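One chain, chain A, links the two complexes that follow: it is found with chain B in the first and with chain C in the second.
This part shows the complex of A and B:
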């Protein structure tokens, strides 16, 4: 009798579970995992892919991107250049923020101004902007300091926030991540996007719920049917993949390369691949007169071109490509991949791997015994970032440069290097504008206080020739501009401010019933995602 | 010396040791583990800490007996081209060092507290034993995690890397002292009313001296047993912490760290990177525990 009762109970429990399961299917939830967690929810504080991948579901820019990364109307339905330095944007009607405010031209003008604030990390996208003015309810003028041929491309990366909401919550300027500041926008959002932030527990879980009132549903191919997105950072590769295989998560953005073959063969799981517009390189402190982290006293070896060349030639990048990246990388000798406007094939040439030459160069530079240095490295930002650093530490040690790897999660890593507190570091650079200027301006221009110039140049490379070329890229058009880019690429190759490594390939892994279009900017757009 | 050795071989302990094949086997395994760890710098085939000897071309080599194996790397190599066998030997050094130091630490604390509580009695006894009781309600690994977490938050990262080893020793040691304290207190309660203690008191020997030279030698037997059993626990606790990534710094990989690193490659076919350190850990802890069990039985007169 007792056995029977238990069986009945068990059946009831199973039925209840089934009912729950059926409910979940209707809810169309996507459980999404990657290794790192966004270090803020502020829309203008961290220009970092891990942050953007969540925020671009929540916030809309004036212009959005199509699946081929071309531009499409976003919050602006029309835009045109009225004068060389004045652009006019006409806003979409009837757009509402998640907390109910109607979108006005004031909000747009405010958002552009917010991105111009000193604590903003998005200055690069508004560097030519002098100010923005609301002409009437639905019209905004953006006044430029100088003509900008790629302004519309840049504005596709500026999220629009509500002015009244920001004022109410003391968030009229972006959060200062460098100072580890905490403010309302660190954990809260109020966008106009397809999803709103339902809950946020940093490093644990971020839940986005579908905004049925979004203006874009049903138009312009936004046919997604996902009602809920649950993002969980899972740092351990093995755990993340086990979660995907067991059906605990539906979508893994950064499956470990060593597991790709197994994932391709696994039932119920698929892998989609493609190149990413992101280049991995090492940057050296070429500014300080004394090496900050190392045993060289009184001078900085990285200021010597021969040392930079030696460290470049000590790296067997093909071995990294073969072993650590398992073939999922495109080895490069230049700053950005061919999808970026301005790429020149002839400048994509590496200094050859030659350990003997590296030793000779070090000796010429006055370091026959080598020296020691600390390599700063993120461990959950780029594909196999920590392993790459360890590979490089071994290769440099072989030529006498005793290298200690200091690897950290992305939040402390970025906080540290953004204070120029490093001697050499590994960075990956994506190009959301798909234009050469973005890379040169952020990474290689001298930080002179101008919006965007050198804001990610933490080795503080400074070369007047490079600065002049960057200025030409900003204003010239057509062939003159390409000539400036080509010359800058050549200078980059000769002056070795960075040691380029490779462009990433980005496989995405997902359950078979989930369709999320693969994007070369490594950003999932859930407005196009379909769950069957 | 010779007579001491002869006496040792003639003792009950030796007799019961010889009679138990399991004990002899585990003693041998423990000896191999300990010698391998201690002598690693001299007998290990490679030095996994010398970056200049690593070659990425050697990465992911399977064990020597497998297809594509390289006789140079007996148990294969990891993702950086490090020899797994050498890494295990060096890693076992760290594991043993942390384990032994943690046990010594918790023994010192536990015995001191137990002696004081048992001998003094009264308020001191109640107070110390209640603290021990409270701590016993928490799982020891939780306490170790707590200590590690607090230190991590309190000191800057650069400093933390340097003191990480001591933090782990302290964290594991502090989580295990109540066991020692309770045992010692129990025995001390029995001993303190015996005639020899009364006699010592009457002739006016100081309390500290009575505790250390008269009571302590008579309560130390069970402590040895607990210490041996705790060594296994401490090694495991260190491996757990390192597996979770909060133990010893990655520049000094212990067995737990090796298992964690290898874990990422377990499912992609490169099983040897994690399995061999795992086996080494099992051998080490199991042999120490079996020895501890035997010691407990051998020292217990009721079981003879």
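This part shows the complex of A and C:
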């Protein structure tokens, strides 16, 4: 009898264990929505957030990022600089692509070369790379044109794709617009990541399924339990929020700010907030002899430092922070937030808001009556972009600078400012490499045709000292490099080529049963997501 | 008849060309596809190369004639935004829009005519007054507001119907249909009502006023004098004679429904051609916008032709007139 009871107990325990096991592999689906759809699945074609947010679940880079955005081993387990212009990467063993091929050094060398192609949008991450070679099965050498102190940071953005698969599908180069036909990589993937692309209907639905064979599960804190991710774009703000409230969607990346209080109060929904690595600022035309859009004839008031300071001090940034941003911004006096390598706390200081001082400066500069100018502004790119511009126009008008706001959707806005066709404009700048060079190089270096230099410097700020510092950031290492960055930050404050405003905060809204760490690069990492 | 159709088709060609020209001229103002395609990081050389690749460095007339030449061969090129053939994209989206438009038009026609007849016959009943009040709402509220209100009530509060998307679809060759699944049918209800409501109220008011008009005419009085039943008079004689303007309006509105599904599709994230168009505008995706506008022009031309042909069926006087003219 006793024996029998024990047997029953044992059976029950076994059943319970089975049930537990079943619970662990139970389907945990996350229905995720945002306003835009990724426009390609090619790993090296489009360098935009909507593409990366899906692809980084599917593809792995050589180095991955931790939750604080610091670097961690990815497909490479070791990397070191063998010579100033040669880096050696040792690959992880036993990694397989989703279609079954084993990862080899050839795949890595091929992927780096693919990102170097002219049709790639990822050129900035490999701008110092000359070529990559597979030394043996597990070792890759990346040969540089010049020493690059932040190569490892940049390579965290280059996805590794299978060479044989790309060759088989005639996709050895990223999508080319000259082509007449769709490429295989536009809708198909073959990565090594935690999720594989199960189905893809552009603009309708993208389904990712858990890759149980992923090398990272169970190690390095990758304890997510999501087995399926269904991404659906919902363009209309009201509909996206309605879908979240009604439980048709579990996770919304971009809830509109005006709905946040309602979402916080709603049962079953929560909002998490965090900083984003994106800084909003105003930039002025400091190059022309006469403003394109202003009533000052024969001279350009923005060339006068006192005018730039006056406009800076006329802005009550705290008021914008409180009212327009509803507290969801980090006011700043510098070019990038603290997550970016090179940030110096002592240089993150604003000129104080002082309307009287602004008026006095304008008078000293010879504009006692002020002047008029047009502020160019996008109205669907950054959080509350248009309202921010309107606030600033009102504040400037109060000190005598009569400001008209010209706000446009992002397509015509960028088309216009990229022709330098502006007098003053609002821009937001993200730093995907998380290094100071990226901001200084694109925004403040003089445009000289070099990759990346000054391509977003539409006020055409030009200061040889700044250019020299940018060159030093490109090659110096260690303390010498930090000294160059610090000096450039100081110069940024002295010269006032921009009027910094704030770093954006990004709210994510989700059902209460979803847990996913908020990331400052505004990317969800489902390998860390838990659904209860 | 054949000559009539042929002349209409010949008339359509300049219409299409003008639409193409106007839409092409507008593209100069929608923004620069190049800056969107290049993203945040690029070199001047890449930029120049891309402008050249897209043919945007050519003169307006060159770009336009290339477009017309390709369009005549059914070649609309590759979407800038999605890197896929435009014809294929529109083909994938057309079923969603057409199913939505057909449902919306059917609701508008059936319910609109029924309500119109009722309010015409029983002018003073309280239900007629309720219908008329309701029709004011349909005429005066813009569709995006109606859509959001319906979502609020039926999705968020009651939780009965989905707030977005098409549900599960079944694929028949290239045609995807939502008619065959429960979730597909449920997803269709709110957008179809939103899209059809304006037409519904329009048709109802039209039928009502036409009915009132016709019921006053002599032949109705004579019919009553002859002792015909109410049913025969109201539906056989009165309603039939109200249908000519109704067919015109309903037919032209069908084109309108397809074209203006843009708003409804955006509110409900309905994956049809209108949503494709809106997304293309955002990305300055010229090939898709051009193809869509051409297609809509073609739909209007086609519907006008069908409406003209329907007149022959409904109104015997036209048949006689044409026949006699042809005989001379």
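Please note the rule applied: the second predicted complex is superposed on the first by the 301 of 532 C-alpha atoms of A that agree within 3 Å, B and C clash if a C-alpha of one lies under 4 Å from a C-alpha of the other, contacts with A are read in each partner's own complex, and residues count from 1 in each chain.
The definition used in the following text is that contacts are C-beta pairs under 8 Å (C-beta built on N, C-alpha and C of every residue); 3 or more make two chains touch, one makes a residue touch a chain.
Predicted model only: the values in this text are computed from it and were never measured.
Of the two partner chains placed around the shared chain by superposition, chain B is the only one that A:320 touches, whereas chain C remains out of contact. By the touch criterion defined above, A:123 lies against chain C but remains apart from chain B after alignment on the C-alpha atoms of chain A. Residue contacts after overlaying the shared chain place A:223 against neither chain B nor chain C.
Contacts of A:238 after superposition: both chain B and chain C are touched. By the document's definition of touching, neither partner reaches A:483: not chain B, not chain C.
Look at A:198: by the touch rule set out above, it reaches neither chain B nor chain C.
If you count the residues of chain A touched by chain B and by chain C, you find the higher number for C.
Of the two partner chains placed around the shared chain by superposition, neither chain B nor chain C is touched by A:135. Once the two complexes are overlaid on the shared chain, A:72 sits clear of chain B and of chain C alike. Looking at chain A, you'll find residues 236, 238, 242, 412 touch chain B in one structure and chain C in the other. Against chain A, in their complex, chain C makes its touches with residues 29-46, 49-50, 53-54, 77-78, 80-85, 88, 148, 151-152, 155-156, 159, 162-166, 266-269, 271, 275-276, 278-279, 281-284. Chain B meets chain A in the complex at residues 50-52, 54-57, 59-60, 79-81, 157, 250-251, 263-270.
Residues 236-238, 241-242, 256, 258-259, 261-262, 316, 319-320, 323-324, 387, 390-391, 393-398, 400, 402-404, 407-408, 412 of chain A touch chain B in their complex. Against chain C, in their complex, chain A makes its touches with residues 37, 39-40, 42, 45-48, 118, 121-124, 175, 177-183, 186-187, 201-205, 232-236, 238-240, 242-243, 245-248, 380, 409-415, 418, 430, 432, 442, 447, 449-452, 455-456.
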